[in-house]
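Chain naming follows the written order as A, B, C and D, and within any one chain the residues start at number 1.
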Amino acid sequence: MKTIDMAVDLKGLTLENPIMAASGTFGFGREYGEYVDLNTLGGIMVKGLTLEERKGNPVPRVAETPMGMLNSVGLQNPGVEAFIQEELPYLSQFNTRVIANINGNTIEEYCRIAERLSDTGVDALELNISCPNVKEGGVAFGRDPEMVYKVTKSVREHTNKYLIVKLSPNVRDIREVARAAEEGRADCLSLINTLIGMAIDIEQQKPILARGIGGLSGPVVKPVALRMVYETAQTVSIPIIGMGGISNPNDAIEFLLAGASAIAVGTANFINPFVTAEIYEGIRAYLERKGYTSVKDIIGKLKF
Amino acid sequence: MKTIDMAVDLKGLTLENPIMAASGTFGFGREYGEYVDLNTLGGIMVKGLTLEERKGNPVPRVAETPMGMLNSVGLQNPGVEAFIQEELPYLSQFNTRVIANINGNTIEEYCRIAERLSDTGVDALELNISCPNVKEGGVAFGRDPEMVYKVTKSVREHTNKYLIVKLSPNVRDIREVARAAEEGRADCLSLINTLIGMAIDIEQQKPILARGIGGLSGPVVKPVALRMVYETAQTVSIPIIGMGGISNPNDAIEFLLAGASAIAVGTANFINPFVTAEIYEGIRAYLERKGYTSVKDIIGKLKF
Amino acid sequence: MKTSSLCKVLNTERIAEDIYKISVTRPVEWKEIKAGQFFHIKCSEEGKSYLRRPISICEVEANQLRFIVRKSGKGTEALCNRKVGDDLDIIGPLGNGFTPTGEKILLVGGGIGTAPLVELCKTIKAREVKVLLGFRTEPYLVETFKKYCSTVEVATEDGSFGVKGYVTALMEAAMENSPEMIYACGPEVMLKQIQQFGKEKGIPTQLAMEERMACGVGACLVCSCKVKAGDDWDYVRTCKEGPVFWGEEVIFDENN
Amino acid sequence: MKTSSLCKVLNTERIAEDIYKISVTRPVEWKEIKAGQFFHIKCSEEGKSYLRRPISICEVEANQLRFIVRKSGKGTEALCNRKVGDDLDIIGPLGNGFTPTGEKILLVGGGIGTAPLVELCKTIKAREVKVLLGFRTEPYLVETFKKYCSTVEVATEDGSFGVKGYVTALMEAAMENSPEMIYACGPEVMLKQIQQFGKEKGIPTQLAMEERMACGVGACLVCSCKVKAGDDWDYVRTCKEGPVFWGEEVIFDENN
């Protein structure tokens, strides 16, 4: 077995390997820590945090769709303070990057959370400006390039942490939004968050989700996510963390070729709790078979 | 068997039943005419027409994705004149509505095609401002509310035909675009056209489609389409033709409940050439079982 | 570290209309399995259903596990159609399970909610176990329960078997020998009535709740159950803090 | 009006690595089936593959149809894994098929492209039929061809069977008895060479082309094949105007 260098460099943040867990699908690591060795992950993006505890939306919060699911969790979380006290010490034990996914209703809230996290052990902040499941703020921020620029710039001024901006796919042109985040001095972009969808129970003639609409994720969104990652990689010069439907090594490699420097796995964990480990092995095997010595050799190498 | 009234009224256009064939998936009716009796369809939206003949994009033009497909046909069509001479007489034999799907690179081109079709036997025009597979025009028109308003208004001034505007899902907010089309005096909206996606062959390290990106359709897009139809129905007062992934009676009923007055079936024809007939029967059976006497009774009747 | 388990389907048997008994091999790693816990099953390998489906353990044997499944949608249909010899991808056991306590206990099951009570009935070390079962029409598992406890009473909505009506109608009579605990599983309306009943009679209840799940292991927070938290309320995870809750904690929503 | 057809799988046999012979019942509605036509098959009922897959007819019998399928992706894998007794949802026969003509003919097949030539070889009424077959390594169908024609020659890329090299290398020698027609099916590079060869020798060729399909019936226009149209070129439908084209019409793209 040849040694293959799996480390990736996100220009300011290095990862031991390009496989991360996507925010909101991996809790604070404890649960899937029983299935995979958290030390083998490049990074963990924790459940979206808000300034204060949030109870989230009423149930049902999930609906199955063909090869995908809709969720409307609505950012249920214990608040940034409880995260720092109760979850971060646990996560910090592992040799993996801890990324705090932060959410606000106003620019000020984003800044305050960022500030609060600045002196902690988190390795990076991921600005979630695209959660479709909160009524106020969230969506509007992520859909408008002007607002993306503003919130990124403001948060940038309140923290020295490595700053990832997570983009919404529910936009007119992902390139506009990506450019705005880059101009606001994001260190990195992550995409995509969920598409917005709906499902109806025709017997009861009402939506399956209590909130009516929810975020679509899983294999269904992969073609859209991959296209957006590709377009973004053609547009910005900061690194990209690609996600959206990644369920196996093949999917992950597609994102790397399209220009993602790292990838995150979300919904696929629910189907297969071992999937991150399988993706690691699969990428390794692909690189070996194709004669590469480093995963960096395939990033952005799509022939087109 | 109770008599159930399957006719729907699109305010200016009546259909014998709400089931239509979606543009680009049903050619000019000849091929699927060998599988289903075209008289049993509410309407047929023909392959997208341009002023002049178009050869379309290089192959491969199709890629399979989980529960869906990407296409990049690129509006291959014989041109509006050849359609009128060679295809329309065939289609006019049937007791079904014939809808011409029209495409241009400029507002002027849209107007000229509309004008040319005004004195023919087509029952309606469907303005395709959202085809993702032509380089010029198409996408830009459909993604920007201002442009949607302009092109709709201009075409409106050049024809007396019933005017349907087909919306792109690749927008920031479908409601903005829907409102713009309504203000431009569209008689009806149809949605959604395809999402934009990509697929990569990791062995060859190149996109599967020759053009790189393509339009995503099939069951995968249904949750997004349904949400957009619902949002649009809450926003405009003109009727809506819903489409996107409809593959069985259940799907069709979801769209009707969400507020579509009629539905169109696209990609599902490829998997099951009899699907439109099965959807007709399935809707009938549902209405009967639930004690309705007319399909109109469920349109927009979502309890939410 | 937990490992993935492929369990071979040993037998699939239709025991009532749309109700199947599915027996699978028991992996050696799964040492302790408690009544009320569930397994998260990949019903279809091909994508007919995408998410796993939570299915309660019905009976635990040394070398096999038994589930009772109601064919109700895409996933359970695929599951019930699995053939003998197929490998089922299962994770579990998950959730908390029932807390066995008391000498005189009452088990109340409605429909498919009768299934998890079998293992409870079989393992609980109570002196007196009484079982009340409710079905819409065709009953099942009645004989199985009879093997493990003294009294089994059945109600059916259409009166086709046992007493006509809801299972909760049998509860008043069951008070005669003053049960110390009530364990229940079934439709929400039934659980709500039992909660109320327990409160009125001063008998503690444990209710096995159902909620739509995604991960099944506590990571995604879609399966929230509303419970009391001091003067306030809180959402906890049905898959992790549940699926079994004490009757006094659960808050049922008005509109359900 | 055409009807849907469910064909029962009668037999599935692995005939080489990743190559399967699948026999299904022949519905009575399918009266005429021509060599070179194809069927559009729903390989998986559950969504493992979504689109149908085009598969050429290999042999037509009174009561059954035989396909040769190479397991290469999701759909063909699902198809090859179908069990005896399963119902396959098939539409067809589709496309134009070969035009049989001439007394002395040459058939050239490469890899899985050998399959459609079997039915042609079997039904063509030519005096002399010579068959050239090329494989990467393990050959298949050779004995089948031998049943229906006098001369069968084989080339393999690694020389493990027959002549070492590409099948096109056998063509020069085959010119000895001056064939009047060449029919070919196989990878694009092979077809391109045969087109060129036919042009040089003045022998008409018919090439069975492959292109990715969606509808298979001519409605969606994804399967375009570039052909000459006077001084210009045109895209025609591989599924409808093809899959068999005259060699002189086809325009192969440079970069392929």
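Quick note on the criterion: contacts are C-beta pairs under 8 Å (C-beta built on N, C-alpha and C of every residue); 3 or more make two chains touch, one makes a residue touch a chain.
In this text, all values refer to a predicted model and were calculated from it rather than measured experimentally.
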item: Topological distance between chain C and chain D, in contact steps; value: 1
item: Contact distance in steps, from chain A to chain D; value: 2
item: Most contacted chain pair (by C-beta pair count); value: A-B
item: Whole-Å separation of chain centres (CA-atom averages), chain A against chain C; value: 35
item: Chain B and chain C: spacing of chain centres that average the CA atoms, whole Å; value: 46
item: Rounded Å distance between chain A and chain B, as computed from the means of their C-alpha atoms; value: 34
item: Contacts with 2+ other chains: residues of chain C; value: 47
item: Junction residues of chain A - those touching two or more other chains; value: 65-68, 219
item: Topology of the chain contact graph, where touching chains are joined (line, ring, star, complete, other); value: ring
item: Chains that touch, pairwise; value: A-B, A-C, B-D, C-D
item: Of chain D, residues touching chain C in the complex; value: 44-48, 78
item: Residues of chain A that touch chain B when the two form their complex; value: 65-68, 70, 143-144, 170-173, 195-200, 202, 204-207, 212-213, 216, 219-220, 222-224, 226-227, 230, 245, 250, 253-254, 257-258, 286, 298, 301-304
item: Chain A residues touching chain C - in the complex, by the definition given at the top; value: 24-27, 30-32, 34-37, 47, 55-56, 58-69, 71, 73, 76, 218-219, 267, 269-274
item: Touch list for chain D against partner chain B, complex; value: 1-2, 4, 42, 47, 49-52, 74-75, 91, 211-225, 234-235, 240, 253
